[in-house]
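For clarity, chains are labelled A, B, C, D and E in written order, and residue numbers in each chain start from 1.
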Amino acid sequence: MIAWFIHPVMVLCALGFFAAPLEAAGREKLLSDPGVYVTFSAFKVDEDWWKMDGAARSSAAAAVKQVFQKHAETVTADIYLTRGLSESADFFVRVHARDLVENQNFLLDLLSTPLGVSLKNVHAFNGITKKANYVPGLPEELKTALKTPTDPGGKPYAIVIPIRKDAEWWLLDQETRTTFMKEHTEASIPYLKTVKRKLYHSSGLDDFDFITYFETAKLDDFNNLVISLERVKENRHNRRFGNPTLLGTIRSLDEILEILAR
Amino acid sequence: MIAWFIHPVMVLCALGFFAAPLEAAGREKLLSDPGVYVTFSAFKVDEDWWKMDGAARSSAAAAVKQVFQKHAETVTADIYLTRGLSESADFFVRVHARDLVENQNFLLDLLSTPLGVSLKNVHAFNGITKKANYVPGLPEELKTALKTPTDPGGKPYAIVIPIRKDAEWWLLDQETRTTFMKEHTEASIPYLKTVKRKLYHSSGLDDFDFITYFETAKLDDFNNLVISLERVKENRHNRRFGNPTLLGTIRSLDEILEILAR
Amino acid sequence: MIAWFIHPVMVLCALGFFAAPLEAAGREKLLSDPGVYVTFSAFKVDEDWWKMDGAARSSAAAAVKQVFQKHAETVTADIYLTRGLSESADFFVRVHARDLVENQNFLLDLLSTPLGVSLKNVHAFNGITKKANYVPGLPEELKTALKTPTDPGGKPYAIVIPIRKDAEWWLLDQETRTTFMKEHTEASIPYLKTVKRKLYHSSGLDDFDFITYFETAKLDDFNNLVISLERVKENRHNRRFGNPTLLGTIRSLDEILEILAR
Amino acid sequence: MIAWFIHPVMVLCALGFFAAPLEAAGREKLLSDPGVYVTFSAFKVDEDWWKMDGAARSSAAAAVKQVFQKHAETVTADIYLTRGLSESADFFVRVHARDLVENQNFLLDLLSTPLGVSLKNVHAFNGITKKANYVPGLPEELKTALKTPTDPGGKPYAIVIPIRKDAEWWLLDQETRTTFMKEHTEASIPYLKTVKRKLYHSSGLDDFDFITYFETAKLDDFNNLVISLERVKENRHNRRFGNPTLLGTIRSLDEILEILAR
Amino acid sequence: MIAWFIHPVMVLCALGFFAAPLEAAGREKLLSDPGVYVTFSAFKVDEDWWKMDGAARSSAAAAVKQVFQKHAETVTADIYLTRGLSESADFFVRVHARDLVENQNFLLDLLSTPLGVSLKNVHAFNGITKKANYVPGLPEELKTALKTPTDPGGKPYAIVIPIRKDAEWWLLDQETRTTFMKEHTEASIPYLKTVKRKLYHSSGLDDFDFITYFETAKLDDFNNLVISLERVKENRHNRRFGNPTLLGTIRSLDEILEILAR
């Protein structure tokens, strides 16, 4: 058996809720393959922007769309509106590519647009996807359930929570670790249908060990899922959980640009 | 018996101290039903605003009132003045709706007004209300007392304190938890009449587990209530209590806009 | 015996070192009565102010004096210069009234003056005074000494230190608490003559439990007093001590306004 | 045997990936000798810069190149692009010289250019190189491997992670320390070929004990290396690891200046 | 024997490396007497300054020199350049006087100059000197060594590190304390010749207990000294060590003003 020291949250297929020019199949693969790099970048739009006249803001929005299109061959980029729900950010993007420098090049171009000049980068998280590691001895039906894609339906929310584990967690012996993973998996089963999850690994790439990403239409289920995960012993080993927690609404690039251009 | 892992502070009826167009009955239900989403947003008014001329500020105030009215069918919004009492915020709003995106849409509109352009969002807390869970074996007369609405009377204050519990708290066995809840409830009984309380759940929606909200005309009673709660064993498990504590005065939208327009 | 869970620092008579229009007797009562609310507000004067021409700054200073006079019936306000000794604040005010909203109203008016528009509120601490609680069994001569007002003499300094206690401190049994209070009181006796002290209670009103306030002409004695208090066992239970510590010089409103108007 | 209290990460030869005028041999020696001082300085380019016209920005870029050339006799300076991958910094430089004041003089000149005036210094780390200390009893073949230079190949990334050890780590007895070092060394062996490492000592020169610097073309290997180091017992004694972690792409000065001049 | 609870770093004669008008003997006494107050003030020069024209900056520099001369009778002021080596500060001053208010008055005048208007005070530390307390039973030759002034020679560096002790340290019994002090003293002996040290006491005057100040031409020796001090048991009781560590180069006022006026 290969080492399975990673977090037991399963890497589920991500559904394309954002119509990017990257053809659907390529996007699906980027969102489900291991070895893909992610950058989450959250931005605050500075005051000058809001005082700009409407025409200038609309043309700036068009330049942003061009950047999304220019990189669509190699990069998938999703956008989320946090304005109103977060004190630090107005929106964030989640960027995936096979090489981290492609994420950077996309973001450099985004920051060079007229809107980009007014953006303050308030959070940046980097991570990598890995092949899912299942708890040994997990019943087959549960494995099947874990692999079944979740359809979060209309009006979904996305939540991003970075996690740093303590030294004791990394030093756990295998038996304790298996027990922890079983508890963790069982606690999350009731929410498999309504909360979509994706896990990124960050040790050394950023100041935490994991970036957990969630999509849901039912925030009450998501709140109960997190409470369930707080009630398993693994929670003792979370040195950092959130700080920040990014909670946003999934909206189309057009709608977000329209809101920013109001 | 259903699981009762939530905080034992009771969800009491909120009294309408802010004359919103939402008819009284709808507002009452939003303020007392479970499954309602809250967003607390605190704002600092930037320097440009205070240097604006009086006429421009007055017309800006009118635009804010229109936003409150536009969303009055689905959203209740209360406003509190913290200027002078808080270093970080001038005022905060408490927004309730059946769906969190409605809170966001209200705040997006608020931030698009001429005043909004001068607002810096310094704190944003998101939570959800749940059905109250009573300590098992609580005497009937106490339950009745807990359910009786409190009238904080004239000149009231509001205080918002976010709380994060430690891992040990979430892992408590049922017996210890019952003991803790009884102690907590008993410590708060002497203050039921003068301090109105409301509890929101935040795990995963923000960087803490609960948002506790209080209204009172007697800040000395409130100070003694908090000291009583610090003296029960549950206090050992508060990893974060406040940081920030928001203390404001409940004033009408008109009065706050008039102060901001001085 | 009544409960005496408060901090054993004694509430001593404050001497009027600032010539406010509130007649002396009223001021003395506000500074010595229990149930009085305090707000400490520290301010940084922004760059625009220092670049203003002299005449505009002088007339701005006059407007500040009018605010002090307008509220003199209900509010005592003292002012302290921290510029040069603190990186965050240029000056702070200590405001007392029977109701916290009166502190707020005073500060709202202060912030509406031309100087106020240039002020950034960097710290705000809220508290309440309570009847002093003496250690049981304290010798009568010591009680007398504790009640004797201290005259800090000319050129005095003022220091403000907020304190948060840990959960264990609030849960101490009575015997341990009595031992702690005796140690604390004995450690402070040598400094009763040269260091004037006043205690405010803040639990729930702010992110700490106590605001300790000191006046002295002998900072070396004050430094030794704090070292003595660090050497008693109670110090183990200070989760926060300072952060910030505000150290300022007591100067007249006129002198401070003159310095700000240079 | 000499005392070997330093961190067991080996000081490997650095390869010149940046074409500085300092002739290759001198540069190599500065990057491999003990007793060399390093300053890492990370910068954010302020908004004014991005709003400058293209010609002004291009001539500003030329002035930066002159500073690099002026100090090329005594200072090696490498530059890394973090824009897009870090919320706090756009780029950072790593400066080496035999005396720390030469690093400072280089940076003073850099900050005096037209670009320098628009730079906000967001992080500065100071350290010194020392002779590598090998674990006693390390097999010869491993020592050879540790001394073999790594060629990170094209498109490399650089990561900088400051580390503060706890008091217990500094007080470890020799036997425990040897065990820890062996574990640490063994955990890093699989990554010797793809991850280049360099260690700087910082106790007293900055708020941490070590600055660890890495170069790689394979960020997945680097992520696994850090996870391996988290899984050895020494990790219990890291009071601070990162905060910040600086992750950048190694690009030529010309390319970075071109990006900043877009 | 008098109580000797202070830190055992010895108060050594400071050498006048800055040509102040205060005659040499007076300066020496201020730098070696007990009961002298220190204020360390670190400043960042704001962007406006760097965009000012050369003539205006030169005349501003002259105004700074006048302030130094005006206070030369009562105040010694030394100046250190941190620009390039510190992200937060461009330079800091160390001001000594018999009364803290004289430090404040000097700094008020400095901040009122045209340069002062462009200064942001980023750190301010206040402390007091005390008579050195030697470890009981220290051999006479060691005491002599400790009292011998160190000449740091040309091109010296200065480092300022604030320290907060934990409650356990203040509660140590005398025997343990003596052991700790002996260890501390022995660890520092090899560096007496090349690292000059001075200790200030800060409890209650600021958010830490000690300010340690060092001068050296050999930063490698200083790094080894700090490592030696980390390896004694007293290090377990440092709750805060640095944060910030200020590392600067000792330069003449003229040279620093010239650099700021470039």
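We take it that a contact is a pair of C-beta atoms (placed from the backbone, for glycine too) under 8 Å apart; a residue touches a chain by one contact, two chains touch by 3 or more.
If you're wondering where the values come from, they're calculated on a predicted model, not measured in any experiment.
Colleague: Would you mind naming the chains that touch chain C and likewise touch chain E?
Modeller: Output, common partners of chain C and chain E: nil, no chain qualifies.
Colleague: Fit chain B onto chain E over the CA trace and report the rotation angle, somewhere between 0 and 180 degrees, nearest 5.
Modeller: 145
Colleague: Suppose each chain is reduced to the average of its Cα coordinates; what separation in Å results between chain A and chain B?
Modeller: About 29 Å, centre to centre.
Colleague: For chain B, jot down the residues that touch at least 2 other chains.
Modeller: Expected reply: no residues.
Colleague: Could you list the chains in ring order, beginning with chain A and heading to chain D next?
Modeller: Result for the ring walk from chain A toward chain D: A, D, E, C, B.
Colleague: For the complex, which residues does chain E have touching chain D?
Modeller: The contact residues of chain E facing chain D are 47, 50-51, 81, 83-87, 155, 157, 159, 161, 214, 219-220, 222-223, 225-227, 230-231, 233, 235-236, 238, 242-245, 247, 249, 259, 262.
Colleague: In their shared complex, at which residues does chain D touch chain E?
Modeller: 5, 35, 37, 39, 41-42, 46, 48, 99-101, 103-108, 111-112, 117-118, 121-124, 126, 128, 165, 167-168, 170-171, 201-207, 209
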